[in-house]
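Shared between the two complexes below is chain A, which pairs with chain B and chain C, respectively.
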Partner chain A sequence: MTTYIIRRILLVPLLLLGVTIIIFGMLQFLQPAERAALYIRDIPKNPEALESVIRTYGLDKPIYIQYWNWLVGQKNPNTGEIHGGILRGDFGYSRVGAEPVIDMIKHRFPATLELAIWAIIPIIVVGVWLGIQAAINHNKFIDQFARVFSIIGYSFPAFVFGLLVLMIFYANLKWFPPGRLSNWVIAEINSGSFKTYTNLMTIDALINGRLDVLWDALRHLILPVITLSYISWATFLRITRSSMLETLNQDYMTTAKAKGISTKVAIKKHALPNALIPVVTISGFTVVSLLGGVVITETIFNFPGIGSAAANAASQLDVVTVLGFALFNGVILILANLVADILYALVDPRIRLSTN
Partner chain B sequence: MESRNQILEVNNLETQFSTWEGVVHAVNGVSFNLAEGETLGIVGESGCGKSVTMLSMLRLIPSPPGRIVNGSAIFKKKDLLKINEDELSTIRGAQISLIFQDPMTFFNPVLTIGEQVIEPLQTHLNISENDARDRAIEILDLVGIPNPAERLKDYPHQFSGGMRQRAMIAMALICSPQILIADEPTTALDVTVQAQIVDLVKKLRSELGMAVIWITHDLGIVAGLVDRVIVMYAGYIVEEAPVKELYRAPGHPYTKGLLGSLPRLDANERERLASIEGIPPVLYRKASTCPFAPRCPYRIDHCFNENPKLMEISPNHKVACWVDIENRKER
Partner chain C sequence: MNRKILTILSFVLVFGMLIISCGPKAAAPTEASAAEAPAAEEPAAAAPATFASKDPTTFNTVTIGEPDTLDPAIDYETAGAEILQNVYETLVFYKKDSATEFVPMLASDWTVSDDGLTYTFNIRQGVTFHNGDPLTPSDVAYSLQRVLLNGNTNSPHLLLSEPFLGIGIIDVSMLIDPEGNLMDSREGMQAVDAAQLKSVCEKVKAAVVADDAAGTVTMTLAQPYGPFIATLAHNIASIVDAKWAAEQGAWDGSCDTWQDYYATTWENSPIAEITNGTGPFKLESWDHASKTLTLTRNDNYWRSEALWDGAQTGPAKLARVVIQGVDEWGTRFSMLQAGDADSAVVPIANVSQVDPLVGERVDYDAKAGAFGPAVATETADQPLRLFYGAPGLFRGDILMTEQVQVPEGGSPYIGSGKLDGKGIPANFFLDEHIRKAFNYCMDWDTMIQDFYQGDAVRTSYSLVLPGEIGYNPDDPMYAYDPAKCEEEFKAAELVNEDGQGVWDTGFYFVSVWNSGNTARQTALTILSDSLKKVNPKFQMEVLSMPWAAMLHYYQAKQLPMYMIGWQEDIHDPHNWYSPYLVGTYGSNFAFPDEVAAMFTDYVNRGVAASDEAAREAVYKELNQKVYDYAPIINGPVPTNRHYEQRWVNGYYFNPLYGGFYYYELSKN
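Then we have the complex of A and B:
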């Protein structure tokens, strides 16, 4: 187990290296003048000044030197200040956001995180729970229902689903508003009468003891959460169902029944822990589809997270910003998969206790 | 043998499976008795319905596709095929226990050996965690697992095949059942370990005074272990006899074939059985001819007209065959 985890952790720097190389490679499609945004806010129009910026930050140097500069930053000889350097947390400047890319991520990530956290609930309830019920009641009504449900989930694109939901519940019924918060809440935050701690509004509302704000945040969350989880629950439903079906047919389930255990206990104690192993395995992968899904979801519902910001930056060809987000996503995915792999080892004693 | 009380009486058991190819008639009217403390051997090639017979008795066949269409299994005046699920649960694992062929797949990989061995105790007796543990250590020790207190915490994959089978036996015996059903418990083990497991069951059988049903491919193994043998073919019982009688004068050509292929101890079980030409049929309807006739060196025309019933040819010796193979004439 320890060797497994150590080996898995040692893989992280390698993966990170891979991600940085890919992203840096994509940056090379830009003109040196455009890449200057990796180091400075205002790119001069004057050709001589531009030339001096390019020289100062080595944008005309061999590619490995540029890569190194991109990693650790480059000193401005006039001011002595270091600019850029992704290892220092400086991803360059966003043209569309008019602020450092990393600040943009800091401002917008909590909204996306909150969305993703809430989206996990329907994924587990609809996906995992329904998958288990379907398998236990194989070929009965709930199983047929789950199958149809998951086919719809697979064949009906998320953006169509999101638009449908938007049209019904927002445009026609006017039940739920778009955006993240109502104006009066934003006003309270700006005036300081509502304090933010985590920037996850549902949690901050609880910390402040403000149920009205909580309700407002939830009303804004519900449609994006449904749309976002829609992308993943069909996968979870299918995997949980087939894994549970397979588990129920295993020999050890016969042993359990032969011992006189009731079906209920046999399912809970013997089948579930085995059936959920593959579900844990794909959970890391789910973070991938969730992060992909936020771009569509946030754009449809005008939700101010990193997904909508990335879409906006892409539409304005702000490549430095888009690739900055891509880098951030890459890091999150690598960490999420690390956690999933370690969890997987923890739930399966055959891996947990293996020595090699 | 007659004087002993019958503890289990199976009558006319029939089990079928619905498959894409049709309805598989896996067990076709099997009847037998088991006396208290007796050891009964059930032999036959792969697929002849040995496991399904045993699992049907305890209603453990997967359903669907399996269906018990007929029969009764009387244990202590109760019909196991009729009583409700709750009542049956109090018998499974407590009074009738099973051990299986492959102790790897029949153990749950994510629970410790200890958790699994203790489970029947917790299910059937009101017993404290500590007492259950003590009892588990005691029984693991009894089946010859060294250092049992430590090994309780191990997972199945950390046990060797032989040790796993011992643990499976411990799990089956922890509630001191009256009947132990062993479904090819040695097939997955190598020869020396096989002998150890057989010796272990012999020892425990006399210590605990239980009846044993021992299923195997291998007539060689059962010789020194069982009192009586039932030979199955295509879901039918084709011969039933005390073990010595069966070896001395097999009444069915199939039994004779099984015995004739015995001496080659070096070959594995399946190879030895393959020395009867052909393979056993899968029946999609009840046999209207003798199911063994196509492979039978003694067959006569009548074998293709009618499936013979089990007939008593001498006291306690029953055979389902139209031919008296010793005298080479029609019965």
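Then we have the complex of A and C:
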């Protein structure tokens, strides 16, 4: 088990190296003038001034030197300041966000993270529960209903379902507004009477002991969470259901039942742990896709996460920003995979035993 | 069998739930149908509004995007302009809804010398900036000098550099290098001889001189300049607090260091995200993540006398203004329906969704040049008010590059690069007949009906807009005429190596619009279709590009045809002739030298002419030249729609405002 985990961890730097090389390779498709945004904020239009920027930051040097500079940064000989360097946390300057890419990520990631945390709970819990119920009640009404219900959600494009719930629960019923916070909360944050610690508003509200702010944050989270859940349930339901059905038909289940164990206990003790292995995999992927930002849901609900920011940057051809986000996503993907792999080993003894 | 029935039942159940859940949406028309009886009556004057806002002290505007910058010396887009005109102030301001009449704002009055070269402004006493600093004539001089010395070709500083530094001087660096090689290059400027730099700065300072003791600012122009007062009403001439700006890291006012601040851009201005003006509102916050800007009332606002009849005095009625960028239309529409948006940007394609919510309508009377009375609509119980039909100061045009730059390896935009039916030569649009043929083949009326739904008008071919000096409604225009289109194509002088003309060979090229702008897509598609109808060999592809890419390629003169628009900065013909024939766009047409020189000469004479009649005479000739040359395919002028909640009071339309002037607004 330990060897397995260490091996997985040792793989991380290699994967990161791969990701950085791919992202850097993509950057090479840009003109030197565009790549200058990796180091400086304002790129001169005047050709002579531009030339000097290109020279200063070595954008005309061999690729491996440029790659190294991109990793560790490049010193401006005139000012002595170091610019750029992804290892220093400098992903370049975002034209669209009018701030460094890393600051853009810092400002927007908490919103995405909070949405992901709140969304993943109903997605997994309800999705898996529906799947189990469908499998146990194979071909009965509840099975058909759960399947049809989730397939409709699965076939609904997020923008259609999102707009539908927005029209119903906001425009008509006025219950759940779009955005992340109401104006009065933003005003309190601006005036300093509400302090932010984690920038996860639900958690900050609890730290501040402000139930009104907590309710406001939740009110804004409900619709995006419902949308994300509804469009994801089908995947969880189908995977849990088929995996569960397969397990239920195994010989050891028949044996367990023959021994006189009640169906409930047999399912709980024997079927479920085995059936949940693929669910762990798909959960890992879902978490990653949620953390990478959910473009459409964020856009419809005007939720200021990284998905809508990345989409906006892409539409404005702000490649440095897009690739900065891509790098960030890559890192998250690698880390989330690591966690999923470890969880895998915990859930499935075959994996840790085979590697030992 | 049992399974099938269960499946069908489930479907019915789930769809039933969905339909029921859509129910409340359908409820609105039901309520409206109760009001059908009064609808049969003649539309009557609107009943006193019974609509009340949940929060009458806060105004919520829902728009698209957010400002580039709040540095008034640099900002050149309407989202930023809206903030600037509420936070900062200028010496003069537009008189209510007029684009051509001005009232004194931070200047109490002014005089002009007989030769039209010297303007002396008395600066208003007792005005303070938001941080409490008093407004002085030195602040006024500093603000204008800073604009002139900052340059930056992406800013509207050209509006000030022409009157002060001379026509044709589009950037202060041209006083050092008239060829413009130093333009936008701070490093280049820093390398210039110190004495020369200082003399340029002193020249600028001599043009705008403050006398704090006398309370005046004297401005000396390089030549008489017709639209000078109009220029001073533009945001570029906003007055900033000199002491505060220098403390933030902006130019310190010294002629020894100005080159270190030259070409400050919106990204690196120290006052891009903070403000300190004299205006009725203060900027409280700007949150990029939620694209939200919040303004709060300036309780020490100076204005004690109304600037026009019925104008507001004292602090604003609204305590807060929240301007939120919500790019998704469905979300904006929901906010309008829920009453959380007091006003929202409604794209023309979506007006049919919003119109059923309009309970009161105010139509523009083109003859009177003003809005008529508010009238109840057939759905008089609905919550929105529509201001309809005021002409905007914007036009979208199709532009042609007369000498396309072809990069090594060829250009995908001109196909084969030859007149062989599979491409066009780089100088295709240099042929006057071809440009005219395209004009005749463009069916703008279809565009106005199908796309603008009637909300646009065609103007005569002169580049300027109705109501401006030089505009003559009787001037000719190129109306859609396939026969004349064919005639002009046949008359084209361009031939290939085999002596064949364009009518015989046909052509292929790519025209470009910027993604998201469906008006431009529609216009180019209409043109492409009608060309094909005239001659099936005429192939014009319509391609979308992100805005930044389109800007890059057309400025590099690589696009043979693209569609673009122009929004006036000031309501003056110079603001059309100059960008279209000389500057912003004119420089990208690749006019032959003699044509460029001819147009430039007219444009320069027109703006420097001493009185209106003299300007009119120059522009009359120029209009004829422009019509004969047909450099562009000029589009219709869209009229305006403004939707607001009926609890909003005080709105009026000034086409030169960037968004709202919140000082005059209030809510029930």
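As a convention for this text, the second predicted complex is superposed on the first by the 346 of 356 C-alpha atoms of A that agree within 3 Å, B and C clash if a C-alpha of one lies under 4 Å from a C-alpha of the other, contacts with A are read in each partner's own complex, and residues count from 1 in each chain.
As a working rule, contacts are C-beta pairs under 8 Å (C-beta built on N, C-alpha and C of every residue); 3 or more make two chains touch, one makes a residue touch a chain.
If you're wondering where the values come from, they're calculated on a predicted model, not measured in any experiment.
A.B. asks: Since both structures carry chain A, what do chain B and chain C do when superposed there: clash or fit?
C.D. replies: Result for chain B and chain C: fit.
A.B. asks: Once the two complexes are overlaid, how big is the angle at chain A between chain B and chain C (Cα centres, nearest 10°)?
C.D. replies: Taking chain A as the apex, chain B and chain C sit 150 degrees apart.
A.B. asks: Tell me the contact category for A:Ser315 with respect to chain B and chain C: first, second, both or neither.
C.D. replies: Second partner only.
A.B. asks: Quick one: name whichever of chain B and chain C touches more residues of chain A.
C.D. replies: Answer, by number of touched residues of chain A: C.
A.B. asks: Just checking: does A:Asn302 make contact with chain B only, chain C only, both, or neither of them? Give me first, second, both or neither.
C.D. replies: second
A.B. asks: Taking the superposition on A as described, I'd like to know which of chain B and chain C A:Val347 touches: first, second, both or neither.
C.D. replies: After superposition on chain A, A:Val347 lies in contact with chain B alone.
A.B. asks: Using the touch definition from the top, say if A:Ala171 reaches chain B (first), chain C (second), both or neither.
C.D. replies: Second partner only, chain C.
A.B. asks: Does the superposition put A:Ala258 against chain B (first), chain C (second), both, or neither?
C.D. replies: Once the two structures are laid over each other on A, A:Ala258 reaches chain B alone.
A.B. asks: How many Å separate the nearest C-alpha atoms of chain B and chain C in the overlaid structures?
C.D. replies: Minimum over all C-alpha pairs of chain B and chain C: 14 Å.
A.B. asks: Go through chain A and flag every residue that touches chain B in one model and chain C in the other.
C.D. replies: In chain A, positions 139 sit in both the chain B and chain C interfaces.
A.B. asks: Using the touch definition up top, name the residues of chain B that touch chain A in the complex.
C.D. replies: Residues in contact with chain A: 55, 58, 60, 62, 64, 89-94, 97-98, 100, 102, 105-111, 116, 119-120, 123-124, 155, 157-158, 171.
A.B. asks: Going by the contact rule at the top, pick out the chain C residues touching chain A in the complex.
C.D. replies: Listed in rising order, the residues of chain C that touch chain A are 3, 6-7, 9-11, 13-14, 18, 21-22, 24-25, 27-28, 58, 60, 68-69, 153, 181-188, 263, 265-268, 272-273, 284-285, 287-292, 294, 320, 322, 324, 326-328, 330-331, 333-335, 337-340, 515-516, 546-549.
A.B. asks: Within the complex, which stretch of chain A touches chain B?
C.D. replies: Touching chain B from chain A are residues 139, 249-252, 254-262, 265, 269-270, 273-274, 277, 347-350, 353.
A.B. asks: For a test of understanding, state which residues of chain A touch chain C in their complex under the given definition.
C.D. replies: Answer in residue numbers: 41-42, 44-46, 48-49, 52, 93, 95, 97-99, 104, 107-108, 111, 139-141, 144-145, 147-149, 152, 159, 162-164, 166-168, 170-174, 177-181, 183, 186-187, 190, 299-302, 304, 309, 312, 315-318.
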